[in-house]
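Two complexes follow with chain A in common, the first pairing it with chain B and the second with chain C.
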Partner chain A sequence: MKTRLSTVSLALAGVLSAASAIAAEPIKIGVVTPLTQTYAPIGQQVRWGLELATKEVNAAGGILGRKVELIFEDEEANPAVATQKAEKLFQVTKVDFLTGTVNSGSTLAVGQVAERNDRLIATTVSFSDAITGDKCSPNVFRVNARAGQQSAALAEWLNKEKPGASVFFLGPDYEMGRNTVAAFKAAVESRGMKTVGEIFAPLGNKDYSPFFGQMRAARPTVLYTSVAGNDTARFFTQLEEYGLRKNLLIVGASGTVTSQNMGALGAVAEGYVTGVGYSPEIDLPANKKFVTSFQAMAGAAPDLYGADSYGLIYFYKAAVEKAKSTDTAKVRTAMRGLKWMTPQGEKEMRAGDHQAIQDMYAVRVEGGKFRIVSKVAGTLAVGPDSCTRF
Partner chain B sequence: MLESTPLVQSTPLVQPAKLGRVAAYEWSHRSAQVFIAAALVFTGVAVFVGDTFFLRLATEALIYAGLAMSVDLLLGVTGMLSLGQALFFGLGSYASTLVLKHVTPSFWVAMAVALAVGTVAGAIGAVLSIRARGVYFALITFGMAQVVSKVVYNTRSIGGSDGIIGIPVIKVNLLLFEVDTASPAGFFLLVLALVMLLYFGLAYLLRTPAGRVLVAVRTNEARVPFLGYQIRNARFLAFVVAADLAAFAGALYPMLRGFVSPELMYFNVSGDAVVTVVIGGLGTLIGPIYGSVVITALKSIIGTYTDHYPIVIGALFMLAVIAFPNGLMGAVDTLRARRKGGSP
Partner chain C sequence: MGALVDYIQFVLVPQVFNGLTIGVAVILIALGLTIIFGLLDVFNMAHGEFYALGAYLGVTLAGRGVSFWLLLLLVPLLLVPVGILVDRALIQRVFHRKERHMLTMLLTFGLAGVMEDVFKAIYGANIIKPATPLTGGIDFLGNYFPTYRVFLLAVGALTIAGVWLVVNKTSFGAMVRAAAFDRQMAASLGVPVRRVYSATFAFGVALAALAGVLLAPLYSVFPTMGKDFILLAFTAVIVGGFGSVRGVVLGGLLLTQIQSLASLYVSPVWGDPIVFGIMVLVLFVRPQGIFGGKLGHA
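== the complex of A and B ==
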């Protein structure tokens, strides 16, 4: 009897230790993000955000008692590289989940790889509307704001500030430029504002003054632009020189005025307003804590990519804990409609198109820095669900 | 760089060195047979252990090998350095994608359309570029690829910067049986067969009079007109055939990966193809195939261990060029000659 009991307890102990060994196996998250070349600074923010959140989650006991492990591969911001790396992570490393893709083409192509391998991915950076729009996938989630959310937030703010405004558009003459202008035009017109003119200037245009006559004649109260980089500097400086900035509110895309060209712009950027999904200034306790820890770990301030990537780990954690499993189908169901906390406040994953709904902000350049002027509720900025695949 | 061509070096048009040249071809064919045997063993092992990733990675290496072979035809055989060969690779991949997605999911139709596009684009490209020499030719080919990739990048109707996804998995009808492009081993063997066919086809072409003129254009251009051949025709032929090869290889890409994007036409693809040829052995045709396998494997493996893999690959490239100026095939050739106890 005694021997039998000890055999049973031995067997039990064996089963238990096997069970705890399974439980102790880490949850692997693959990260395919640019670690070299032009987009490395974005990849760096993604990496810092993910690493900070992973450190916090692991310190608090992991997810379902399992540690989280991040495995990085270089995306090179190139879909041809990203798909190959994603396949490796899915099939050889056997990751449970994948994130990090920056290039929108990479996110779409890797999403397809995920579909064919029955895994889930999420992007924290790509902003092409197609990812959660006409090219949506049941295996792809987006936790950051898409392009349309930024312009919707700006249009919403503009409508409150200057209802019925006459808006003039000037964009750079290439696909993205024309898209941003078209999106913002639709957003303001649906809110009852008028379009009084539209111009597309060549990329790298030196002299904007030939367009000024048409602009002056249209008598706009608001100017929307999506030029970028040095074009912004020339355009804004010439507007100032020709005295056109008086009584004109200038708004634009988030890439028009950035920390990179803010210095070159100086005073001419003052008063410029744009819509964003994150600013280190957001006055929430969660954000204050996040900014401090991020600064301490990375030695740099977080930007939207860092913040959205940080929030992703908590999104995955919440979903796995709700599903009580890392199984693809169960986690997908758990992610749909999930609400979770991020430095930007509470986000909600819309079930219909896998696009996160989050509060957006209108920010204005004041004294050479972006200041938050208004918060736009997430539901007003997210736009309709145009995904028809699921 | 242009002189280091072990296979077609012995200028047969002017010297009675025919024996050596034929021997070199036979040896090169033996390298091809070794490659095929190794690939078959690899397939067997991969299927046995249930691998899919490495089979698909190897398929990609073979597809890029097709592109590298087209660069070798231009650079190693005819002496024209193209820095924009990805243009034709990309056109082939877009042509195949559009056919598969919007017209008919037929492998043969896709390949035929890609070849037609490659021929037309190659002829236009040749008219624009072959009158220029050396660095000017290189810059024109580079420029053409840049221009077309930007046009594709900005054309919304073919996906723009997002590219095209959702290319269906197809069944390749080979009369007696069918190969599913989603089957890692099946598609690998199909691509292997196609790439080796391209290799033997090219090797055959180089033994025809037209092919020998290509070699002559590189080795002694001034002499070619005296023999009654038009240099421009030879360069035109080389350019169009190379465009076809690249388009053919490109057409296979979307069947493997299920997407295309403008990045497939970018300079890094063209540049990698040139590096592949130099590492494998200029003018050997089989060298680029070995080179592509080596480079694809290195990138995939080293990239996992360090973020600084471009430094490692760059250093390896420099070492390879210094230690084996004639590429992998040249190094093997030297070894073989040494064992035989004579000079090659």
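== the complex of A and C ==
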């Protein structure tokens, strides 16, 4: 028994002496992100953003003298797959930190895996308000803007542009459509604007003209919509056809007009305004440098996913350097209230719900491209902290 | 009182007009469907994809500089040989088997799947939005009627009248009706039945293609567009009566008006359940449809 104990203590001593050598061991960051299927283009941006920042950090000496290593796994935008891959990265690969999840369901599920494994994760993409709201977790951080920040930024801009506006709402009749309309309605009504009508059309609706009578009779000055994809093309075409785009400001969700349908929409998308957390146009030296390096490395322009993923590596670096450790509890404490620099300027991680506070932008389609029309201060757009778990 | 006038003028009148244009769209698609069914006894599950093929062909040719007005003639004509080929290569192959209904339904269903994937492979999954050939609108009684929709109503009415004339007043129509009424008798009287079948299928397909060209500026073009109107068109055929031109026109107008006006009072999501509920009701009470009967009798 005694010999066995001494063997154990010898082994322990060996481990301890090896600890100093760990300084040279890389910090491992697991990335569970969609590399195939529908969301692959988003996963590609995530990957480019993370790789660019990691290259820069490693070239400048790493974090606490240790190199950063990224280990990728395919999320397939499927929560069930994401949890398996996360489990494997935590238990077999022993990653220090994990990021990359795109699907909001994946982020929530992987957050639970992180809690069981006592590790931290961060999402750089997921929009669902619940992640840092009623389903918040002490182990989950979000460095990108959530859906509520996008609509608050838009409402804030709208209030300046058209104070007291009469707003008509048209959304697709399912979870996302109803949520986005409810959120924006609350945002405009709290700023003294009026709701004059709302319609929920079936997803994949063919013809919106049967709703135009009601819309016209309500005499709105602003139309808010959260239809997406093919529905946007039809809705906007028919608005144009009926001459309704005249004297009507059309605003909406960030998913309504995207790079995927912008080309097909052409002139009928002109003037559309939405709220976003990033644009390659942001006029900051840090962003200009980021866009140039990103373009040179990836051969494509960064979008919000690339920019937020790039910023995440600097978030983790700042937290570990402040904690002087990669220990979960110490890093968590360091992350709370942390301010760090990103291409979008300084962001602050709110301690109460782990939601990043950042400047937001109202962008408008002009000549087939989104142009920044206004900046909305981060504190005006972030909304209240509704997390009660910690 | 003023509010009531306002309501009639600004809500009901445009609602009826908009319902009418959607009705014409449904009828244009349903016409080919009912003709093919009335004569051949074939439920063409790929009809929506021929509508999409017409739209894609229109987009492609327009990209080469062909004017929209020429496309209205050219695209349906180009689809005639396609229709003949499909009839000869697929439909006629199983036409004389006992389980014809099931086999032709499965065949055309498979064809629909293949066509949809071919559209995706050639044109990509993203939506294409052709320019509207007639912009602007007509101000009338304080309402705004887009010029292109008025044009669509006119072309729709002309097409319906034309199809009715072809079926009821031409020798081709007489042969079609004869073959539909009694195939053996028609053949023994010298009607080239096989050729009449192919021609009828091609005629139905050409009508779908015309609908594709006409409706593309309103509803855009994408691989799954064939599924859009097909259910409503099938329902119009069932409610109006299989194989009847009159029935399809009435069924199409009735259903789209109900759907359009209903959306004023109940959530638009109920539009489809109401329409399909009517179809179920018709099938219970009068299974042959309002103007039911085979094409030969209509």
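The criterion applied here is as follows: the second predicted complex is superposed on the first by the 370 of 390 C-alpha atoms of A that agree within 3 Å, B and C clash if a C-alpha of one lies under 4 Å from a C-alpha of the other, contacts with A are read in each partner's own complex, and residues count from 1 in each chain.
By our rule, contacts are C-beta pairs under 8 Å (C-beta built on N, C-alpha and C of every residue); 3 or more make two chains touch, one makes a residue touch a chain.
This structure is a prediction, so every number in the text was calculated from the model and none was measured.
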Fit or clash between chain C and chain B when superposed on chain A: fit
Which superposed partner A:385 touches (first chain B, second chain C, both, neither): neither
Touching partner for A:161 - first (chain B), second (chain C), both, neither: neither
Touching partner for A:201 - first (chain B), second (chain C), both, neither: second
Which superposed partner A:261 touches (first chain B, second chain C, both, neither): second
Partner chain in contact with A:327 - chain B first, chain C second, else both or neither: neither
Nearest-approach distance, in Å, of chain C Cα atoms to those of chain B in the combined model: 10
Residues of chain A contacting chain B in one complex and chain C in the other: none
Chain A - residues contacting chain C, complex: 173, 199-202, 204-207, 209-214, 216-217, 229-230, 233-234, 237-238, 240-243, 260-261, 263-266, 268
Residues on chain C engaged by chain A in the complex (per definition of touch): 6-7, 10-12, 14-15, 18-19, 21-22, 126-129, 132, 137, 144, 146, 148-149, 217-220, 222, 228-229, 259-260, 263-264, 267-269, 271-272
Residue ranges of chain B in contact with chain A within the complex: 51-53, 56-57, 60, 153-156, 160-163, 165-166, 182, 257-259, 261-264, 266, 268-269, 300, 303-304, 307, 309-310
Contacting residues of chain A [partner chain B, same complex]: 35-36, 72-74, 78-80, 83-85, 87-88, 91-92, 104-105, 108-109, 111-113, 116, 128, 130, 135, 174-176
